[in-house]
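Read through the structures below before going on.
Next come two complexes, and both contain chain A; in the first it sits with chain B, in the second with chain C.
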Partner chain A sequence: MAVIAGRAAALERAAPADEPVGTHSRTRAVVGHLALGTLGVLCAFPIYWLYATSLRAPQDIYSLAPLPWPLSAQSYVDAFRVLDVGGLLLNTTVMAVLIALGQLLTGLLAAYAFAAWEFRGKSLLYLAFVATWLVPFQVTMLPNYVLLSQLGVLNTIAGVVLPSLCTALGVILLRQHVQAFPTELLEAARLDGRGSWSTLWTVVVPNLRPALAALGILLFVNAWNEYFWPALVLQRSNAVLQLGLRSFMGTEGNDWGPMMATAGMACLPVLVLYLVLQRQIVNGFVRSGLK
Partner chain B sequence: MKRSLALPAAAAAAALALTACGLGSTAPAAPTASAVARAPELAPGQEVSIVLESYNFGQAGAWSDTFTALLDTFHQQHPTITVTAQKPQGNSSNPANDTVSSVQAQLATGAPPDVAQLGFSDLDFTVNQLGAKPLDDLVGADAVAANYEDGHPFAPKARTLGDYNGKTYGIPFVFSTPVLFYNAGLFRQAGLDPATPPTTWDEVKAAGQRIAQATGKDGAYVDCVTETAKDWCLQSVIRSNGGRVISEDRTRLEFADPPAVEAVTMLQDLVTSGAAPKLTQQQAVEGFARGDLGMILESSALQGTFTKGAQGGGWELRGTGVPAFTGKPVVPTNSGAALFVLSADPAKQRAAWELIRFLTSEEAYVQISSRIGYLPLRTGLVDDPAGLQDWAAKNPLVRTNLQQMDPMEPWVSFPGNDYLQIRDGMMQAVEQVVLQGADPQATLSAAADRQAALLPAGG
Partner chain C sequence: MFVELDAPAPVAVRAVPPPSRSARLRRAGRSLVPYLYLAPGLVLLGIWVYRPLVQTGQLSFFSWNLLPTTPMVPVGFENYERLFTLPEFGTSIWRTVVLVLGLLPFTVVVPVAVGLLARRVRGRAAVIYQALVFAPLLIAPVAGAAVWQWLLDPRSGAINQVLGTTTNWLQEPGPAQLAIIVITGWHVLGFAVLVVAAGLAGISDDYAGAAALDGATPGQVTRWITLPLLSPTLVFLVLMTVLLSAQWSFPLIDTLTNGGPAGATTNVYYLLWDYGFHSFDAGLGAAAGVIFFAGFGVIAAALVALSDRVTFHDN
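Showing the complex of A and B:
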């Protein structure tokens, strides 16, 4: 009995050495949590300040007091009076959904072709796709704008969506996933008499669903936050939220209250999406290697 | 069947990829200044559609609402002319900074706006590169002069602000002169009399130091010393000391000459003596609106922001003119923009002129001044009971601007395609001197030598 107890004690003493360093160091844990907590507060503070400013009374808008008091909804009233917030939300959602779906579809088709088929010039074509990722937006901006003008879709949501329907990011990410797909399954599908198109939709896509969901969310968030391109294309209206926000800034000074109120509302759909689909979003960022 | 579906899908993907990669043609034809033919009067019932581009249209609220109402009235008066209003394209927080690049991009598509509101600092480029049409040729110098005289006449000094080489290209629309806004409450707290604000730079320095010492708040901010501020107000300070940023024939940069260096050294002294804080434009504007700054030399475009801040913070906003260098006359300059005709189509040119006439009419200025607070360039309106007399009585700050219209001189634009680099390079040097303590003569001379190479050959 004593021997067993002695062995147990010895094991207990030995145990920490077998575990990751720092697991049982209380000080390290406290310091670590403090550091992470501080970073968390630093990251969350701008969001807090956004909502705090949106809830200040108009006359207190320049106040630096940490707590907005007395609370006022006037900035939200002003934002709704000046902007068609509902219309902007709808337009922005339509734009972001179309762009995300378009990029997913084109990405899927291209990735499938690159991963599942062998054809001459495949590597070169893939490199060309990757290369488009390296071309700065500013380089393609004006030619794209001229093309949209020739197509007659300037000042429309279609003009914002059209040049964004295809992205190298989607192709590259999905190619990795399709490549990892077991070739035996593709072979089996072919033996079953399925064509390439049918194999894609009945075999590949159902198995890629998690990756597609993660990428879709990532693309939606990117499209939702898009500002530069809509600012070029939509000259005759502030049809999307990001432009609506800018309309509170100008030569006569900035109208911070309604701007923060609109920004707060613009954040909400993405925040809700994040809360509901937290796992997939984190997954999406991890898979893409992006931050 | 399966193959036939796959092919169009592949073709669609290829087409979209090509779209995304931006295969389009650009054929920007650089317009140059030249005489243009007279735009004939519109025939009765002749339908014309024109596009108006204005940076003020980018701002929601009073400006957009007023513009929309004005364009509705215009359409009632000219039912055959349809005007589409748009803001400049671009992503600057201040749409006024996007005006030129926006017109350039649209020129590349062959469809620039027919009427554009462009800054006076861009005048040379607007005429020589953006293809603004000389109104004297388009509708005749008599018609231009008659428009200025129609009803309450335009302020004499305002009439020539859009002129280039003796011809009128732009009709001045909205502008301000520099106004020294001050916080009367902080003046009283510092033992200063708000009824006698500083009139010279020496007095500004003394009052700024006094406010800083007595109240712990900041003294005086001169919003003429950063790249963001552009150079309209700096030109006023330098002109008030007898200098210029560029020679009258616009062939030589003069911002490193003794009068200009002396003026910038004075601005630096305000900072080193503690009379002026080291702030960005945004920080200063918000600090003043919050009641944390005693004085700010600023455009009256921000008067609305200051008035709201004063109401919220419970302090009293007052304003006075540009301070003088002791013993020298003050030379205010103008900020702002004029309306230009860019269209090449005779019918659109005539419709554009009709729109400009309307937007600079008594009727429009009554709306613009009373609803937005801008300076009416038909200055007699402020004494007209049927015009803006009531509004002017309630807004005494407008008097400062009106008084400065007589001694006012134009905000001079730099010449050539590199005019922005010249202007920004000069402002960066001034910022280094005033806010970062660099040596005035050495810094301005080095900048002037560098920027001189950017002047067009032969001026």
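Showing the complex of A and C:
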């Protein structure tokens, strides 16, 4: 956060006063607006088209009119008839919340250990966490699939959640935050006679609440959009939105209206979160890299 | 929250700790504390990352069809030998290279060009543009695949109607690979744009100002000052693209083309999936996994080593 925050501050600090005033800088500003604006419209168009199609009346589906008019909720009605959208939403939410909370908890505990203690093998153990970031799912999927089937959790939400309870991402990001935490406070808590466990929950966590919330949202979005594990584990039940949506696809003569309606509903929770918390989500993603 | 929970070890400070056996035990217990906090994460990663990694290595020397009832037969290096004789192994690597090269414009060229052009765009407008450019990253890959399937539909899709073409984008080899590249690029572009913007914002304006005083043109400033200072960011983006392209495109391939038509969109990770869960050839899939993992590891190490030489840091 520090890096981006610093850069954001630099962005605001750079005063326009030291720029040459005149037509040249105005042209540059126009070009800049045009470049970014065009890119923005191009990027957002498919999303707009998704919702536009989902709101057209069934007989207007093939229309190219930019505005869906007259509006119709028929596609959503159809989607609800074909799929148990409520159940899928519930399953997906439960899955994403459990994964996000699990990663947050394991990440917090590990980050606390790395930040508050010096111990033997510290850098090696940190490397053991970070290195997992480089192991692609596809390389480990066969043995994991076999283990999940031995545990009897194939085709259950638990089967999706269990392998995802700890990631390098959570540990790396939280370590930065806990490390930035003033050591004097930890020391003071220790002198008060608090154990390390109670220090964690009464001193560290309350002070890290904004960072934890931002990371939690990032992890939730990642888990919500996760495709690979659910596709592997829930092969027969299609119990989450991503897979329910997939069941609409692939056949000739797609039913575009309900398909777009389902896709729209699969994205809506994340997009709403994004509208409300744009800055935190963007910062989280830019800092964390992409995986 | 203020309830004192059982701490793993007491930390009460005594004025003079008695040098007894219990104190020594307690000190040993205290040095255990950080390991206890690490344990949950380490155990989980051990079970779900390191154990399967080792097992994939073992599995690559066996022949097995994933059924618990059939025994695993040791076959030595046969899986590896078979792998190198299969033409699809080589072509999947080649297609991955094409995918990475095709994505570089989306992850490096366009973000840098737009970033340089739009350096002076700030305030509310910049926030809105950012929001638009970034939004595709938050769209679930399957939903993105769904809307692009609709846009690319040969008969009624918006793209063919606007272009006046009848291309069957997802069913013809060349267009299918192009479509996968463009859709993957659309998903990750916003991320790259923001990373470049953050990188540019971190470059002090003083250098450009000094160079301008010396009579440097804006083009010269970009070429000799801005881009070198941006090089760590660029290396990071190239590294991400090389290592993760095949993973980014995986959900799109699995939902849109299933690796087809005729294997035209099968990259290395899709080939692993295919071996494991379509042909149920666990040994072959594991052998391919080992090769790809090692290959990507070597490439990553080489890129990191190279980046230390070519990047320029503003100290």
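The definition used in the following text is that the second predicted complex is superposed on the first by the 234 of 291 C-alpha atoms of A that agree within 3 Å, B and C clash if a C-alpha of one lies under 4 Å from a C-alpha of the other, contacts with A are read in each partner's own complex, and residues count from 1 in each chain.
Everything below uses one rule, namely that a residue touches a chain if its C-beta (ideal position, glycine included) is under 8 Å from a C-beta of that chain, and two chains touch if they have at least 3 such contacts.
What you are looking at is a predicted structure, and each value in this text was computed from that prediction instead of being measured.
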Contacts of A:T202 with chain B and chain C, given as first, second, both or neither: second
Which of chain B and chain C A:A180 touches, first, second, both or neither: neither
Partner chain in contact with A:N238 - chain B first, chain C second, else both or neither: first
Comparison of chain B and chain C by chain A residues contacted: C
Chain B versus chain C as contact partner of A:L50, first or second or both or neither: second
Which of chain B and chain C A:T106 touches, first, second, both or neither: both
First (chain B), second (chain C), both or neither touched by A:P136: second
Chain B versus chain C as contact partner of A:D60, first or second or both or neither: first
Touched partner set for A:V272, first chain B, second chain C, both or neither: neither
Partner chain in contact with A:V82 - chain B first, chain C second, else both or neither: first
Chain B/chain C common contact set on chain A: 61-62, 64, 106, 109-110, 113, 129, 132, 135, 139-147, 149-150, 162-163, 165-166, 195-198, 227-228, 231-232, 246, 248-250, 254
Chain B partner contacts - residues on chain A that touch it in the complex: 57-64, 82-83, 102, 106, 109-110, 113, 129, 132, 135, 139-147, 149-150, 155, 162-167, 195-198, 227-228, 231-233, 235-236, 238, 244, 246-255
Touch list for chain A against partner chain C, complex: 3-4, 6-8, 10-12, 14, 16, 18-19, 25, 28-29, 31-33, 35-37, 39-41, 43-44, 46-47, 49-50, 53, 61-62, 64, 105-107, 109-110, 112-114, 116-117, 119, 122, 125, 128-129, 132, 134-147, 149-150, 162-163, 165-166, 168, 171, 190-191, 193-198, 201-202, 221, 224-225, 227-228, 231-232, 241-243, 245-246, 248-250, 254, 256, 259-260, 262-264, 266-267, 270-271, 274, 278, 281-282, 285-286, 289-291
Of all residues in chain C, those that touch chain A in their complex: 1-2, 4-13, 31, 33-35, 37-38, 40-42, 44-45, 47-53, 55-56, 59, 66, 68, 110, 113-114, 117-122, 125-151, 153, 156, 158, 161-162, 186, 188-191, 193-195, 198, 201-202, 204-205, 209, 240, 243-244, 247-248, 250-251, 254-256, 258, 269, 272-273, 276-277, 282, 285-286, 289-290, 292-293, 296-297, 300
Residues of chain B touching chain A in the complex: 2-3, 5-6, 9-10, 13, 16-17, 19-26, 53, 55-56, 58-61, 63-64, 84-91, 93-96, 102, 105, 108-111, 285-286, 289-290, 301-302, 304-305, 308-309, 311-313, 372
